[in-house]
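First, the structure itself, so that you have it in front of you.
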Amino acid sequence: MSMLNLHNSLTTYLVLAAILFGMGIYGLITRRTLVGMLIASELILVASSINIMAFNRFTAPDPVIGQIFTLFIMAIAAAEAAIGLSITVAVYRNYKTVDTEEIVDLKG
Amino acid sequence: MDLTIFNAVIAVVIAIAFAAANAAYLVLAERRGAGRIQRRPGPNVNLFGLLQPPADGIKLMTKQLMIPGGADKALFMVAPVLAMAPAIMSFVTIPFSNTIVAHSMNVGVLMIFAFASFGGMAILLAGWGSRNKYGVMAAVRAVSQNISYEVPMLITVITIVMMTGTMNLHEIASLQSGGFWNWNIFPVSMSDGFMLQPLMPISFLIFFICSLAETNRAPFDLGEAESELVAGFHTEYGSMGFGLFFMGEYANIVIGASLITILFLGGWGCPFGLYPGVWWFLLKIYLLIFSFIWIRWTFPRTTIYGLLNLSWKILIPISLFNLLLTAGLLKVF
Amino acid sequence: MGAYFSEIFLGLKSLAIGLGITFKEFFKPVVTVPYPFETIKMSERYRGHIELIEDEDGKPKCVACGMCQRACPSGCISLASKSVAYEVEVKGEMKTKKKKVLTKYDLNFTTCSLCGQCVESCGFGAVTFSKEYNLASFNKEDFHFDLLKRLEERNS
Amino acid sequence: MNLMDTINSMLPSVLTADGLAGIADEAAGVVFLVICAITLIGGIIACNSERLVRAVAGLAVCFVGVAAIYFFLNSPFVAMMQILIYVGAVCITIAFAIMLAAPEDNKKHGPAGPLSGPLGLITAGLVTFGMIGLGLKTEFIAIPKINMGSVKLIGVQLLTTYSMVFELVSIVLLIAIIGSLVIARHGRSK
Amino acid sequence: MIKDTIKQAFLDLLPDPEPIIEEPVVEAAANDTAEDGKKKKAVKKEEPPRVNGVLECDHAAHGYDIDVQLEPGELLAAVMILDKNDFFLESITGVDWIKEKQLESVYDFSRYDFDQCRVVIRTRTPRDNPNIPTISKIYPGANWHERETHDFFGIKFEGHPHLIPLLLPEDADFHPLLKDFKP
Amino acid sequence: MSGPIHIRSDETFTLNVGPQHPATHGVLRVKMEMDGEYIVKAETVLGYIHRMHELMGENRTYPQVLPNLSRLDYLGAMGYTHAHVLAIERAASIEVPERAEYIRVLMVELNRISSHLFWFGAFVMDLGGFTPLMYAIEDREHILDLMEAVTGSRLTYCYFRFGGLYNDVDDDFINATRAVIPRLRKSLKKYDALVTGNIIFRKRLEGIGPISAEMCRKYGATGPVARGAGLDFDVRKNEPYSVYSEFDFDIPVYHECDSLARYNVRMDEMEQSLRIIEQALDKLPEGPIMPKKKPKLIKPPKGDYYQAVETARGSFGIRIVSDGTKNAYRFKLRSPTYSNMSLFDEACEGMMIMDALAMMGSLDLVIPEIDR
């Protein structure tokens, strides 16, 4: 398979999604702020969305289902972002930091 | 649709050229219009001021790009491009006439909104990246304004989509061909059968107000409120960085006017059903742009809370009711 | 609820009135003067910088008494004179008399506040206001006027 | 809508309608590679940048790339929603939160601790390679399509077959709005 | 008439009613009618500094109605009287009496009423140690006026919350309106 | 949008509004402690164009100071020179011919209108509307033409003299002034429709920047600021000077205490000034414009003299402490905007920045006059 025909193969998308997922995991582990972790988790969600869309395109009989599923993921991600960020802001208000380690320290 | 790479490149180049030319000469038109309203001639030296925009462009391009100390250089440089690029991309799906359209998309309306929402990101990055308190305040204002006006705008667009049954801009415009009585703004009829929609003028008004706000035009130009926030999010930008923001702003105005024309005013159709063509489209958008300029030079600026109140307390409830009633009327007729 | 809608309605109406006013102004003639191409004539009493007045011979009327110098609040006038002996016929015989002749009359226009105290204080009507207002320069020295030279230039 | 239309609809970029052959297809491949690169670079900036605002900018770039990938995957509607929701809403919300919660940006927000970097790298690498291996090894069986997956069908199915889920999602969104308001409300009380 | 009320209040306030001797009044009256010839005499004569007390002045001649001179210690009480009677603070300024080695601080008060009454309060301090209590607690508007007076004369207003140069540069240590100021 | 706001001090940042800022109309600096868009604390920093006019007044003879006074407030210069000549006339007991008094009043009122017109334009520009400024400038230009024809200068007049005027007005001026009055009335109606009725404008000013009567008194605010707070105070009426007692005019007073009230006061004041001008033109007596007997050298007798006048911005006072020489011993200028501005620090606490700047505009600041 030539490099230029990659976009017609399912595996390409799966690999891409896997790499994004890995980045998300890496970010989630290494980030020390709540906002940074949230960014990383958005990456993970996007990676799974790509997976779903790829299967939807290449294997599923009804290509509507995958799209609907992705739309739901988006809605949930938006809700998650809103809630996560409001928690972040609330944490910052109370502890004056969003650094996860410092928050743990403050709790004793 | 035979779009080869060559065609595509030409389409993009034409879009950029169109945006740039529009930006340059709309500045001139704005200054002339403002001058006339204020009873002075405006720039009128050298061919009625026609050489003013190239002179401005050369001035902007030859200036040194200053990056303020402590600014986030990468974001500072990227933000103007981010402001300009989506505006140009949006031209791709706008049908100027039955044949002149770079690419007719099934989700054309959505695409324009998607790219418009990208503009908010650019403003935010510009304000934050230049590390200027005025810039940050203006960016926060401009973005909250963009977000809150996207909502009534999208809700209003849904009424159009319900009526026409498509999100393709080309199809929406085609459906209104024939004469002004077929236009979406007028309630009486559509080309495919009789239809009574007395609420469409309200939709038009809401959409018009929202597009003023979305393009950061006065009286909603809080992002660059020069009497409070100096120049808002582009306080620190000089030379071509400023030029790109400027071009992006005017490209957005053209897109806003085009969208209103296509959605409500029959696109390229002649008001009387004769000789449809791109000139009608251009005439309509420039009339709309004139009204933008006219409004800008007439009204004072709103406050940020007045603006948000207008959106959340007036426009969104009314547009929601409008949506419900329109849906009901669609069922009835 | 009624107030809500009436506010919307009245607001829209007031906006429409404003738009009508600016639209009317749009078609009125311009009121400005394209300045460098066209200049306006200043009124008779316009107070520009000062200028010396000549007598019938083309010489300055000024007798170098220095009143203007003393009256000036900003000290922007500096003049110098020398005594010149001249002969005059008094009762049929020639007499030599001394007379102060103006040799220098400089106006430092950078500090002048155009108050007119010098013109008012002059008992001989030797200084007046010019009508000049097109004064702009990149060079500060251009505003140190040598009024005597200007007078000569005017005469020649 | 078939694949060709989809590829056609992928920005003005590149393609002829008779698409899959010749120069046009190669061009699509090039564009795809560019888009993949953009997505991955965006992702790297997002998870690795020291300044959070840059991370958000990277995230936005990554999302735009993902939207373009959705074009290749035959669903322009989802691609547009991706930009509209992720870039237009989520990224901006995160950027707002950064401005609200981390005003001192001289403080770096990079990786925590000396060990967490390698540790995270190892974990992420293991997960990634495992998944890539799984993806490469498995044989996926393609079942013939029964429809084109157009926007109209999405709408119809959303309001018929999946109406329950649709309602639930709207309830979740409502709860999220109320919840975030309640959590973040305390502050400036007027 | 507010004028009489205020005058009476000041007369009550100032502990020593003696200062209302006729001499200053005569001097003021002499000023009113002063002609060119008389003025020379007035200049020649070395007048003693004014004694503390209340003067009623001719508004047409001086522009104010009541002129009070008092000790710095009595200032706050006097200002409180004016505050009670709805006066507003017009300005505060200083005068440098270098011959008498004194700094005078002058307070102008006026009323929004049609019952017009301008009151001048003046108080003198020695030039080498000028200390006057602040009235910015009673009239917050005095804040700037006192800072300005401090700028120009170096009068220290005790208790002033923020006595740093207002009109002069922040690091100014000179007082330009003192008569011995050399730029 | 006002009311008590609980703000934590650790979330604030400092915003420097000025010295170069479009809303400050000059070089004024306000250090604002901000919490988001809200102002927690403000501190005004003055003195960027301080020129020590008071010291100049002590070093120069009385006539020499005269041009300085019009440099205080470049928009309403006439009123300031009026205060000076009145003070010296009071001190040196100079009689002024009646014609001169009338012409003075005429000029001062014309200047008041031109000042208010410019303020109107600049104020609306502060709120983001640029066009009214141009209309206002055009109308103001007609007044400036009138004044130039008489005084010889357009902005910083030096027209009044001790005891009279520099030169007389002629019939052309009187006719031209009569022609300008209906024109201005028409313009005022236009502004009313274009700006005052505008919903955006009203929404921006109603209830914004409240300054109560008590606050005015504590800070010594005068002029339209005080009249917008319901205080019936105008030096022209309360303490009539010159020939103001012979004119029939009203003091516009509004009780709302907000920015709109101050705006309305000034707009109404223009109308009242037009009335005064009409009456002055009708009553203008014939006669000389300078007194017959005037001392050659002005040497006021020893003593204190205070003269207050109502300028376009409020009560302006000059205190002259004379020691009998040709220079003043102490030359104190009490500028109205100085007092009006001093309440800004307190009044803007808890306001949003755009409201605070709207309020700053409604105070009608002229910075050279604050700094002197």
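Labels A, B, C, D, E and F are assigned to the chains in the order they are written; within every chain, residues are numbered from 1.
By definition in this document, a residue touches a chain if its C-beta (ideal position, glycine included) is under 8 Å from a C-beta of that chain, and two chains touch if they have at least 3 such contacts.
Just so you know, these numbers come straight off a predicted model, no measurement behind them.
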Next item on the list: Would you kindly say which chain has the C-alpha centre located farthest from the C-alpha centre of chain C?
Entry: A
Margin query: Comparing the two chain pairs, does B-C have more C-beta contacts than C-F, or is it the other way round?
Written below: C-F
Item checked: For chain B paired with chain F, centre-to-centre distance based on mean C-alpha positions, whole Å -> 43
Check: If you average the CA atoms of chain D and of chain F, how far apart do the two points sit, in angstrom?
Finding: 61
Next item on the list: With chain centres taken as the means of their Cα atoms, state the distance from chain A to chain F in Å.
Entry: 63
Next item on the list: Measure off the straight-line distance from the CA centroid of chain E to the CA centroid of chain F, and report it in whole Å.
Entry: 26
Checklist line | chain B: positions in contact with at least two other chains | finding: 37-40, 297-299
Checklist line | Residue numbers of chain D (touch at least two other chains) | finding: 77, 81, 89, 96
Checklist line | Multi-partner residues of chain C (at least 2 other chains) | finding: 15, 18, 21-22, 25, 31
Next item on the list: Using the touch rule from the top, collect the residues of chain B that touch chain C in their complex.
Entry: 33, 35-41, 44-45, 294-295, 297-299, 314
Margin query: If we count contacts the way the header does, which residues on chain F are in touch with chain E in the complex?
Written below: 46-47, 50, 52, 54-55, 58, 87, 90, 216-222, 226, 231-233, 237-239, 295, 299, 301-308, 315, 317, 319, 321, 323-324, 329-330, 332, 334, 338-339, 342-343, 346, 371-372
Next item on the list: Using the touch rule from the top, collect the residues of chain B that touch chain D in their complex.
Entry: 1-5, 8, 11-12, 72, 74-75, 78, 89, 92, 102-103, 105-107, 110-111, 113-115, 117-118, 120-121, 124-125, 128-129, 136, 140, 143, 147, 150, 167
Next item on the list: Please give the residue numbers of chain D that touch chain B in the complex, ascending.
Entry: 1, 8-9, 11-17, 23-24, 27, 51, 53-54, 57, 60, 64, 67, 76-77, 80-81, 83-84, 87-89, 91-92, 95-96, 99, 150-151
Margin query: For a test of understanding, state which residues of chain F touch chain C in their complex under the given definition.
Written below: 60, 63-68, 71, 131, 135, 138, 141, 145, 148-153, 156, 158, 166-167, 190, 193-195, 197-200
